[in-house]
Amino acid sequence: MDVQELTKLIDDLRSGAVSSEDAFATLSNWSFADLGFARVDHHRSFRQGMPEAIYAPGKSPAQCAAIASELLDNGTGPVLLTRANAEQAEVALESCPGGTIYPDETVRAEHHVIYWRASEPRDERVVIVTAGTADLPVAGECAATLRAFGFGPVVLADCGVAGVHRLLANYDELAGADVIVVAAGMEGALASVVGGLVAAPVVAIPTSVGYGAALEGVTALLAMHASCAHGVTVVGIDNGYGAACAVARILR
Amino acid sequence: MDVQELTKLIDDLRSGAVSSEDAFATLSNWSFADLGFARVDHHRSFRQGMPEAIYAPGKSPAQCAAIASELLDNGTGPVLLTRANAEQAEVALESCPGGTIYPDETVRAEHHVIYWRASEPRDERVVIVTAGTADLPVAGECAATLRAFGFGPVVLADCGVAGVHRLLANYDELAGADVIVVAAGMEGALASVVGGLVAAPVVAIPTSVGYGAALEGVTALLAMHASCAHGVTVVGIDNGYGAACAVARILR
Amino acid sequence: MDVQELTKLIDDLRSGAVSSEDAFATLSNWSFADLGFARVDHHRSFRQGMPEAIYAPGKSPAQCAAIASELLDNGTGPVLLTRANAEQAEVALESCPGGTIYPDETVRAEHHVIYWRASEPRDERVVIVTAGTADLPVAGECAATLRAFGFGPVVLADCGVAGVHRLLANYDELAGADVIVVAAGMEGALASVVGGLVAAPVVAIPTSVGYGAALEGVTALLAMHASCAHGVTVVGIDNGYGAACAVARILR
Amino acid sequence: MDVQELTKLIDDLRSGAVSSEDAFATLSNWSFADLGFARVDHHRSFRQGMPEAIYAPGKSPAQCAAIASELLDNGTGPVLLTRANAEQAEVALESCPGGTIYPDETVRAEHHVIYWRASEPRDERVVIVTAGTADLPVAGECAATLRAFGFGPVVLADCGVAGVHRLLANYDELAGADVIVVAAGMEGALASVVGGLVAAPVVAIPTSVGYGAALEGVTALLAMHASCAHGVTVVGIDNGYGAACAVARILR
Amino acid sequence: MDVQELTKLIDDLRSGAVSSEDAFATLSNWSFADLGFARVDHHRSFRQGMPEAIYAPGKSPAQCAAIASELLDNGTGPVLLTRANAEQAEVALESCPGGTIYPDETVRAEHHVIYWRASEPRDERVVIVTAGTADLPVAGECAATLRAFGFGPVVLADCGVAGVHRLLANYDELAGADVIVVAAGMEGALASVVGGLVAAPVVAIPTSVGYGAALEGVTALLAMHASCAHGVTVVGIDNGYGAACAVARILR
Amino acid sequence: MDVQELTKLIDDLRSGAVSSEDAFATLSNWSFADLGFARVDHHRSFRQGMPEAIYAPGKSPAQCAAIASELLDNGTGPVLLTRANAEQAEVALESCPGGTIYPDETVRAEHHVIYWRASEPRDERVVIVTAGTADLPVAGECAATLRAFGFGPVVLADCGVAGVHRLLANYDELAGADVIVVAAGMEGALASVVGGLVAAPVVAIPTSVGYGAALEGVTALLAMHASCAHGVTVVGIDNGYGAACAVARILR
Amino acid sequence: MDVQELTKLIDDLRSGAVSSEDAFATLSNWSFADLGFARVDHHRSFRQGMPEAIYAPGKSPAQCAAIASELLDNGTGPVLLTRANAEQAEVALESCPGGTIYPDETVRAEHHVIYWRASEPRDERVVIVTAGTADLPVAGECAATLRAFGFGPVVLADCGVAGVHRLLANYDELAGADVIVVAAGMEGALASVVGGLVAAPVVAIPTSVGYGAALEGVTALLAMHASCAHGVTVVGIDNGYGAACAVARILR
Amino acid sequence: MDVQELTKLIDDLRSGAVSSEDAFATLSNWSFADLGFARVDHHRSFRQGMPEAIYAPGKSPAQCAAIASELLDNGTGPVLLTRANAEQAEVALESCPGGTIYPDETVRAEHHVIYWRASEPRDERVVIVTAGTADLPVAGECAATLRAFGFGPVVLADCGVAGVHRLLANYDELAGADVIVVAAGMEGALASVVGGLVAAPVVAIPTSVGYGAALEGVTALLAMHASCAHGVTVVGIDNGYGAACAVARILR
């Protein structure tokens, strides 16, 4: 659905060429497809500038595949399946060939991102920094989503503040970035430090990495919100996909 | 301090025109002024694109005024004093005339923002939406900070989801915004709804408004993070200043 | 046990036809059956208008079956077994044939609702709305319980506020409902939006669906309580059965 | 605004008698009045069956009075001001004479409910039960709101489970009620016991009454949600107004 | 070690018959046996009137058995192994024959209590009441421990407040009890109701039974502490053993 | 009301000398007095062995005085007013002369306990131990309540585990006690240590004393529940009155 | 009391020169003075190497003064009164002249530290770093306590990670320190950064400074514990006194 | 990298023998090795006095082994792999022979510590005390780390305060220790008691041992922070490695 079609509908409604009941029905039908167990939102890319993603947990493999098919057949732009387990990923890729999966089959991972029909390449510079190696799966979900949107993010792994020189060694890349994503668990201090170094937007992802007092990411989430580096914004725990969407909004 | 000065220093260091000890001392002196009780960071605008703000709580009125003076005398660009109580505001404005105070003296407020030497006017469109009238003080802190940075934000008050048509009535302003800030307490659902309507970056501020189960803003903070509208980012509870800084980063 | 029997007992007690000790004993015996590990409350339907349900967790399959037998043999009206795992469900259905199980055996589910001897069909209109596909198991527990009570609920899946038009497409069904149940995880905002749209009673179920900051449903529970849509009431996390009982109370 | 007006507008839109732009403008204007600091929702009674209430905290006395005036001048039905402190109450009653205030001036209370233009008397039976004397202010907010809506609630004070016979002494009133509201702090057990006694809808209000482990009402809120008496629903902590709205929905 | 031995030691110390170094060594040796991984406290029964119990979690099966052997060989009175898994139980019973295990091998349980050398039978009346069938494992741990101490507790299962008549049917047993233990999960209201009915000491055990809002027993723990029935005391979540020890202290 | 009167009523009911309606009315009237804002429970001492206490917070001074009068005029045994502020205490003592107040007027205290008509002196030995001087107000509430019940408790102040010898210096008093109450804030370790020293029942009161991490008593409450000294029981935070009632139950 | 006296007592006990009863009494009397409301621990400096401090909250001014007198008259070494309000400080200084108060009377502070009879000057280098100016009161409590112990701590204020060069400017002082104390609120990241820079022991104090999400210091406490800089240790929220004691233990 | 090399680099930079670009590159390369997924910090031992440890969770076995190889090949001093599961341990030991593993293969453990190239033996006395046998795995992680650093720690197991004489039996070892580590779960009271006994630094590790109210170690963590024994410091939950690093800082 595009702006021309919408404009014509409004004109037809005013001229009487279409009844208000019919116009309402048309709009309702256009905007989503009702699969019974899901209402696939074809209107989202028009409204939000990015397509609906399929959040896999709680859906059967067949449901994941059916929604992906619907979005590929009747929509445009990239299609994403996030947090898929091995079985959901397999069924979806079989039903809808041509998808890119992260991480690939050489890695035993709990969650996978799959995307089809990636956007045209874009040249804004997005940098993803992680505090430790254990934050890489979250950074990877973010990077895969950004690739679906056409970005070519750089990932700088293991730059935690316990050895801040490892971060400073890539100061040029940080200073030249259009947006920086910081994925950090434990006490999440990396977000404050990066926020204190650069003028670009910083999107922080608290991760569930760390010992007991890390409280499954709640400590990092609170710490990032209490950060003394002004203007750092935060997304949900382990939410690499959400951070990528925030980047897409900033750079639209 | 500007880039030319820094470049010259590095060259002098390399050529031996300045010793490494002296270069270190020069850099240290340049970057901040040590008032004993505070280290005023003159380097921040160079690094982060926005000046250091003075966070008033826990400082004496005289300390607030001294830091403001230091920033006004030896720095450039806007100077901000946030969360000032009546006495801190009065002393600071007396010491450093020419400041703009929000809210002004006709209102009995707990906190005030004062700024001096606002930036040149900018024409990006920033919209601040509040869920209720009680969220206006937080929205006001955000708006005053944005004005110090040169923006002319529009505030749309009282658009909570209990009557979502009040929000839709300003759909054009939302759709045309470069960045939207949402200030909402209670369950914070307005952030999800706004995020679902537009493609622009959405910065959500959870506020401490609401009955007992609102838990002084913690409920809204958690709810905004759990938001199903992808790509919404969040700052700390009642942190209108932080949201304004996030906007400045996005629109730098 | 019905009102006539009770009235007669009181009269007999007054006339001396029965001693107070015997009357006490009769009342005690009537009201429940003591199976040793459980006291089956035959009096509940008389008192609360709905029969006791068997909450399976923590009971052995044999205990589940024994209580169901007792309720079917010595009571009237529907009998329910909730949150049964596969083994509990199998043993109960074998012992007490004729039960209806949800979800049926084609689905691998963690929990099942089984009911026997459903009430006569009723024609009040109950609508269950879910925010996402992942909320369907909770909505299903609610729907199965309502069917046991004779209702024919309509389930509208995947209407979350990230695409609020999907909800509005069914506005007629919402506006015509006698009671609406909203099952939503993450930030639970759907309850506020539905509560803002209609005048009917809204019973909200927070679900444990969502990323880390959803805190296993606690975020949605708090958010629904802090809701700015007045008069929305809330039941426990994932408690589809409880929501159905609330509907039955409202429509008794 | 009533249904006839709305129907006519839709017909005019279809016939071309009114342009879609004008129809949109008319609808927007009708539905709320923008006072700058507040958007008064005149549409709410049409949509939800109850008028918008003014939540006083965070508003100036003048703002409270202005919104009340707007609702009284341009709306119909009852108007409510909740949680008003002494000064807000005084200014509002002076600006808008004829209001009823609870508690009245003989009592030093922290919060007041004021209502104007109460609905016609209704004869459904609503019973409000409190666990202790200290829960009476919350019960009073609920009762005053119900009176604004035309109900004549009965308040049974101090029936806590530590002496359950005090509750049973009013069994007839409980058994005959159309809806029961239970206001209880501490461990909130009264909601379970009442829910176990009657078949009517039970709306539970956790209150912030109690020693340290009552955690300002959080303990009662959690306990009521974990209640073993099925079908009890819960509103927010100390939210007497919300409970009254829930009753109004159930008995509309 | 008994009082006579201790008295003699003190006399010998004073008379010089034993040096203070030797006295210290004797006392240290007497009071516990150091197995390297554990310090078995033979002195506990002398001091606290009940022997040390072996808390199985975190110990290897061999360690459990070794401590039990030490206590059986070099101590007197009952010996207890609590929270043992199947393997720990098997190894301990093999090493130390003659133990009584609860629940016995016909039940698949997560935890077991084993005791050896139970005390002489005592005739105080201890009643354990449970809110539901799912609380029986906790009640069972309590009952088994009491049996090791010589008591013959009565267990009244499934008396929750949703059907309070089931509790009242055993009023005589409650009224005649010397101590009552209440095991209840969910909202834990049974402790308040029992505390309101009787004058005997009531020891409440919050259990981890219940839906999401039960928060693994934290809700019941808080609710029992906020109880309006004065003089009810509480032990830790699921701590049937601790409740039995509290009973033993009260009835020593 | 005593046992003879109750027995006679039951006989009259059986013989027809009194109708069941009248018997019900008599029982209802006997068991409490309805003052409108409170239901004074005259039946409590019959049932629980201790009279109803008046919890002052949330009641007006006049309400406190009226309930005390009702209990003094129409009941027997001690009457207690707890947590009274200065004004409540003054009005109650003026209305009902002869009360004993703790702490007396020479001390500026936030809360007061007042009691009238103390029980006959009893000679069981109750010892109250506090961890610090700051725990004395809570210990004092407990001691005053015990004095109302006829006990003559010994208070041992400031025996915290940071200097455990201060506790051991009173070992004889501890070892000879019939019940020990431990009032401790901060980390509450004193309860564990006392529980490890003696065989008597130990009732622990967590107090809200301590720095930030003491979390207003929640830390001590949790720590006492996690105590490794088996059989220690716990009452609510700062609940000296509740601990005294627990002692009364144990020593009835 | 010193080691010689203790040795002699043990010898006398063995030789019979003193009875065990007398030895026990002597030891008890020596180790503390019982003022009724407090047990002043004269033994502490012998045992822990630092004297008992008087924690003012919850004590009357007279009690504070009496304990200070007792410690000054019958003990040796420094005497400390912590967290004293203005009245407690005034009475204590009047009763016991010669004390040093921090902060002095020119500052309106909530809490004061007073010390008498400071230890001999010591030359270990202790550095206290604060994240912001608002952390200075906590740093001040720590510094005053250290001065009482004879240390001459250096305070580096306002070195938060938002401008990490302010910290690096004092790298030499950090690198040369024997122990470093870090006082930081908000997200507490400064502890991680300092811990990553130096090899000396780092004692971190979380402070209650910051916006809503700082949760009164709980966020900083959790974040410091989750710190990725290994070997950093933490004391309680705002506990400057505790940090000073930790330093004294490390440098004894 | 040592101090001489660093000094020479600075001299060369000043003399022009090396350009500032080259100096920067040299420093960057020296300080860490970038393996792609990890930045191995060779500079850490120079800066912090202890080498980087490899935190295994979230890393593949191959990644663990690769980082260990890098540290062994290009660094000096001990190398540690912590929290390794069986597979990570096996692969790492195969790749890098000569490591010492704790616990060894005779024990089925969840986590292992492995170290290579232990430091020279040191003779400071470190004592690790545990409250129970179940705390031994945490104490073991601490002890193994200390052994890698050259210490020979003594472990005193099972000294919990429920039988404080078991602790006092080793008073000499405690009194003679240079540093004491206390590992305790449940209520963590052992830290307070040990802190009250000795003058040495006490590092407390809260462990996740205990029943429900122990809240996975959060209760012990809070309790240790609220400890009344001044100067006790705390590390994160179950963080034996962190405690060992704190000891190494204190005794460097």
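Before moving on, here are some points about what is shown:
The letters A, B, C, D, E, F, G and H name the chains in turn, as written, and every chain counts its residues from 1.
Operating definition for what follows: contacts are C-beta pairs under 8 Å (C-beta built on N, C-alpha and C of every residue); 3 or more make two chains touch, one makes a residue touch a chain.
If you're wondering where the values come from, they're calculated on a predicted model, not measured in any experiment.
Shared contact partners of subunit B and subunit H are A, G. Computed centre separation for the pair subunit A/subunit B is 27 angstrom, with centres defined by C-alpha atoms.
One simple way to say how far apart two chains are is to compare their mean CA positions; for subunit B and subunit D this gives 37 Å. Shared contact sites, meaning residues of subunit A that touch two or more other chains, fall at 47, 132, 162-163, 195-197, 211, 213-214, 218, 221, 225-227, 230, 236-237, 239, 242. Under the touch rule stated earlier, the contacting chain pairs are A-B, A-C, A-D, A-G, A-H, B-C, B-D, B-G, B-H, C-D, C-E, C-F, D-E, D-F, E-F, E-G, E-H, F-G, F-H, G-H. Contact residues on subunit A toward subunit D in their complex (touch as defined above): 10, 13-16, 19-20.
Listing the residues of subunit G that touch subunit F in their complex gives 27-28, 31-32, 36-39, 41, 43-44, 47, 52, 55, 57-60, 63, 206, 208, 216-218, 221, 236-239, 242. Those residues of subunit D lying in contact with subunit F across their complex are 107, 132-137, 157-159, 162-163, 165-166, 169, 209, 211-215.
Residues of subunit G that touch subunit A in their complex: 131-132, 160-164, 185-189, 192-193, 195-197, 210-211, 213-215, 218-220, 222-230.
Taken in their complex, subunit F has these residues touching subunit E: 47-50, 53, 195-203, 221, 225-227, 230-237, 239, 241-242, 244-250, 252.
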